[in-house]
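Note that subunit A is present in both complexes that follow, paired respectively with subunit B and with subunit C.
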Partner chain A sequence: MTALLALLRKELSILLRSPVTYLTLTFVGTVTALLFFDYLRHYNQLLFLYTSNSMGSFELGTIPEYINLSDQVFVPLLEQLALTFIAVIPLVTMRSFAEERARGTDELLLTTELTPEKIVIAKFLTAYVFVSLVLFTSILYPAASMLRTGIGLQHLLSVYLGLWVLGIGLASIGLACSAFANNQLIAAISAYAIALIIFDLSWVQTFASESVGYALIAMSLHPHFVDFAEGLIIAQHLAYFVGLAAVCAALSRLSLDLIRVK
Partner chain B sequence: MPSSHTFSYLRSALLPIGLIAIIFGIGARYATGDLGVFGGINLAIGGAALLLSFGLALRNFHGFGASAARAVLLRRVGVLLITIFCAVSLERGMARLAWQWDWTIDQRFHLAPATLKLLEELPDYSYLGSVQLTLFSHPDDPRVRTTRLLLETLKQKSLEEGGQIQVRELMMDRAAEEIERFEVTSSNSVGIEWGGYQTTVQRPNEGNLLEAIQLLIPRERRVLYIAQGEGEGTPRSTEPSGYSGLWGALEAEGYELRGFATASFAEIPSDARAVLLLGPRRNFESHSLAALESYLAQGGRLLALLEPGTETGLEELLLRVAGFHSPSDRIVIDPLAAALEGQPKGLAPLINAYGDHPITAGLSARTMTLFASARPVYAQRLPVQGDRLFPLLYTSPNTYLSEDLQRARRGGLPEASAGEPPERQVIGAAGEYQRNEKRARVVVFGDADFASNRFIRSLYNLDIIVNAVHWVAEREVEITLRPKRINPYQEPLTPQDSLRLFYTVGLLLPELLLVAAAITWTKSRNA
Partner chain C sequence: MSSSSASDTSSSETVGAGLRGARVTSTQLTRRFGKYLAVDHIDLDIQPGETLGLLGANGAGKTTFIRLVTGYLLPTSGELSIDGFSPVSQPQEVHRRLGYAAETSRVYPELPVESFLRFIGGSRGMRGHELKDAVLRVMARFELEEVFRRPMGHLSKGYQQRVSLAQAFLTDPPLLIVDEPTSGLDPYQQAEVRDVLEQAKGERTILLCTHDLSEARALATRVAILRRGKLVALGPTDEVLGDGDSLRLFHEEDIEDDIEEPSAEGSA
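And then the complex of A and B:
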């Protein structure tokens, strides 16, 4: 346990001392702010149009229900943030195993009293801390606005729980790719490719049979993430992300044995 | 013959090329919503490059070495397969259990007691087959997500009761025949089909779906008569002051509503299950009052909504026959009540204290009802020994009574009448009377506006009025609480607010993070 904690501390220290971490967080914070501001401007314009004479002077309260802060600002923002996560998270997870391998420190690590399981756990937990930091920088702006407008704290938490589990899933994929890749570049682009492929497989339904289409949707990230944005926590979706993380951890563990065997 | 070095180089180059082609192929699909030629070619090139790279890797593969190494790897692969099996089982198991938690502010996926009651009743009509709900959707319509989840919630709950609800989803551009059959005009509509009948709900939410299914239930319609001609609210008017909302809700609950002019009736029709008086404003003719009295004496059922400041002649009848005293010259003032549009503060009592009675079943301090302005209704006397009177609605303890109705009409807050201390007032009451071996029932509310279109969907107003009708008509079994929906937030954030947030949280935080990055970078360079 002490060895695991020491490794975890070391990994976190590397994470927090890396300028890349702060640059990534800055990028996410800025993108969130710009997107949010843009959606908000669009929403205000829509409201203005509906309440102006040109649209028949709707009274507030008779405007179509779907023109509301949640549907026009919050949900699309989260969809965009999910794609931003795909762009950002592999950049940090790519170095996790691949960098150790490139420097040759992975073999050193395997000779310590740390078991391969502990190494995998420490790497995964560090990545999850990073995901939480990314989430923190992206939550402040929407939270500050939304809590003023009555969307409800629980709904906000549900939305961010969805983003968090999506981040956990993407980080797990990134780590598994890093564990198998020989260099960071391959780790990053293979993580991008896998994340994009499984993000939403519903389009394959057009070509595949119904049962295959159903199975592909069940494997996709997006259908398991989007219900959180509606304020609904579904145990099945949580189980999906837990399972995804476990499978990626098992794959990473397998990669360590492959290296040893080689 | 290329050297092994060339093969190794090719393999290393093909892997990123294949992955990049796939990223751009899929990325193009997400960006445009269609795979297109660019996406298709990229996916084909990417797939081919990856296959080739994999083939070259296999060519260089020389086995896993010693048997001990193979055993280690086999064990690890076994663990991986078990993990995959457990992950899939966990996900499937949870899908079957369908556990979910509704964290929306209006609990929109938490089915109301009325909906659960309907799902319980559906198996009684199993001879009509399943209720088929068809969601017509368009991929770009964000509203569909909420409706899809609501239908799935309905389906899951119905499974617990025998699975009488079937759900399917049709894309708008691929279901021309069904769109025509259900007369669907836009995405996010739900077609309901049951027992040979069909209907379409254009703006589906739990309440609308519930009412639409209820209307398809084949049951005996009980007749309600709504009095007209003495200045009552117009029952079918869709104006804010009309009662079309109440009319529709009562029809959905299985009633047939008929209007009747009190002045032309010498007696109440014999098929009346109950008579409704929706805020009469003029004096009733003496023969109308006699007809009502005779009707009640024979076990009739009356629901009267009385407006403050209107003397109709009913007051004397209600006191004599039903034991209720509702002075028309008094108005209830709650100094803490918020101001409604066009009214001063204090005239619209918010009720959160209820008497113990079937009409108020399920209502509590957290389920409030809103009245626009109200007069008191006292349970004054028992007309006959054995009669029973029940106070239903209590105002807050700060409430007082005022006779200054003129001031209220001018927009001012009336002062308390002399000798009227602040205390809880009763503004709704019910009574039950044994007459000629029949059971007469009367419910009186000291306000009529609370059931008008303007207020009926506010808080639990619909429940209190419909439950009162059910009780009066002796259909207690139908008393329940109906779905609620909080209106979505539709106010603009002011530019000042938006800019303040943008500068503080939106820009300041990234700036601080960038400073942190610079400091970290400088530190690592100097280390």
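And then the complex of A and C:
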């Protein structure tokens, strides 16, 4: 446990000393604010149009069901943030294993009392801390808005739980790519490629058989986080992201064994 | 040249005439990288407290042999034990006995020296006062007090090498492995590093990997010479390197006459 805590402390220390971390947090905070206010402005415009009956086909004061804060602001915001996460998370996770290998410090780690399992756990936990920091920078405006508009804490938690598990999934993919890559660029590019490919595989359904199509959708990221934006916390979706993280951790662990037999 | 000795002692923190250290034994140790034979059936027995110089030209297999001892690489065939523990099946037991300073300084440029040493100590299971005292001890021994708050990326190569050696000494390990410790250092820094290793002689087993003959003469009690992965000479330093023609062992094509097979007889 002492060794694991020492490694975790070292990983967090390096994370918090890296300019990339702060650039990423600033970028995500800014993008979230811009997107959020843009969707909110659009939602307010729609509300104004409908409540002033300028749309003509509705009775005064009647607002269609789909004009609500969740569908007009939080669902699209979540989807845009998901794409933002795909863009930024590999920038940080690419360093994790690949940089150790490039510097030769992996040899240092693997000749201490740290087991490969502890190394993987520390790397993954550090990446998850980073994901949490990213979420924290993006939560301010949506949280204030949700709580003031009465959508409620439960809905807010659901939205951010969705973003968090998505971030966890993307970070796990990034770490697994970093574990198998010899340099950071390859780690980042492969993480982008995998994340974009599995983001939404529903289009393959057109060409594939029903069972294959169903399996591909089940593997996609998108169907598993979109319900969170609606305020729905579904165990099956949580299990998907936990499973994704577990598979990536197992692959990363395997990569450390492959170093010894390469 | 005499061959290495073997005894029945397999675990030996304290052995013989006050010598402290680990025993390293390899039997027919072999490592391939694809078709390339990097380490070729090496038999070697390093006694507790001994300083063995592992010599050879670039690409001779020295670093691969060291990586097999540390457990970083797995052997293709053969046996290896450190105090009776196998780096293959019991790496944690081996790592507990091991201090390792790699060929080029393996450091984290962002971390200050003290944080790095605390991390290495922690990753070797040290904590609290034990860790604090160990860090202070090695910082004093390697004269790192002046730079202990500086990020390692801002240090000169000489200081980085000192930090690398300092981390290897943190736990006062019975087996110290140093790979090219003076490579890239200026003459003054080389002398400093040699002084440190000279002081450490006899306190523990040292496996010194180098291609610097003067370094091996100054520090090693025995030397083993590798060529193309084969052990081509093994014996007391004066005997192996004393005839002034030792360079031929590094490069001569016909080596058969020079091979000194390690046996179970003789002394270190």
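In this text, the second predicted complex is superposed on the first by the 254 of 262 C-alpha atoms of A that agree within 3 Å, B and C clash if a C-alpha of one lies under 4 Å from a C-alpha of the other, contacts with A are read in each partner's own complex, and residues count from 1 in each chain.
Just so it is clear, contacts are C-beta pairs under 8 Å (C-beta built on N, C-alpha and C of every residue); 3 or more make two chains touch, one makes a residue touch a chain.
What you are looking at is a predicted structure, and each value in this text was computed from that prediction instead of being measured.
Visitor: Is A:Leu7 touching anything from subunit B or subunit C once the two structures are fitted on A? First, second, both or neither.
Guide: In the superposed model, A:Leu7 contacts subunit C only, not subunit B.
Visitor: Return first, second, both or neither, reflecting whether A:Arg17 touches subunit B, subunit C, both chains, or no partner chain.
Guide: Both partners, subunit B and subunit C.
Visitor: Quick one: is A:Leu185 in contact with subunit B, with subunit C, with both, or with neither? Answer first, second, both or neither.
Guide: first
Visitor: Just subunit B (first), just subunit C (second), both, or neither: which does A:Tyr66 touch?
Guide: first
Visitor: I'd like to know which partner A:Val261 touches here: subunit B for first, subunit C for second, both or neither.
Guide: both
Visitor: Do subunit B and subunit C touch any of the same residues on subunit A, and if so, which?
Guide: Of subunit A, residues 17-18, 260-261 contact subunit B in one complex and subunit C in the other.
Visitor: Would you mind writing out the residues of subunit C in touch with subunit A in their complex?
Guide: Of all residues in subunit C, those touching subunit A are 33, 67, 70-74, 92, 95-96, 98, 100, 102, 104, 106-108, 110-111, 115, 118-127, 167.
Visitor: Mind pulling up the subunit A residues that touch subunit C in the complex?
Guide: 2-3, 5-7, 9-10, 13-14, 17-18, 103-105, 107-115, 259-262
Visitor: Would you tell me which residues of subunit B are touching subunit A in their complex?
Guide: Subunit B reaches subunit A through residues 15-16, 19-20, 22-23, 26-27, 29-30, 35, 46, 64-65, 69, 72-73, 76-77, 79-80, 83-84, 86-88, 90-91, 93-95, 97-105, 108-109, 142-143, 145-146, 149, 203, 487-493, 495, 497-498, 501-502, 504-507, 509-510, 513-514, 516-518, 520-521, 523-524.
Visitor: Over in the complex, which subunit A residues touch subunit B? Could you list them?
Guide: Result: residues 17-19, 21-23, 25-26, 29-30, 32-34, 36-37, 40-41, 43-44, 47-48, 60-61, 63, 65-71, 75-76, 83, 137, 140-141, 144-145, 148-152, 154-155, 157-158, 185-186, 189-190, 192-193, 196-197, 199-200, 203, 218, 226-227, 229-236, 238-240, 242-244, 246-247, 249-251, 253-254, 257-258, 260-261 of subunit A touch subunit B.
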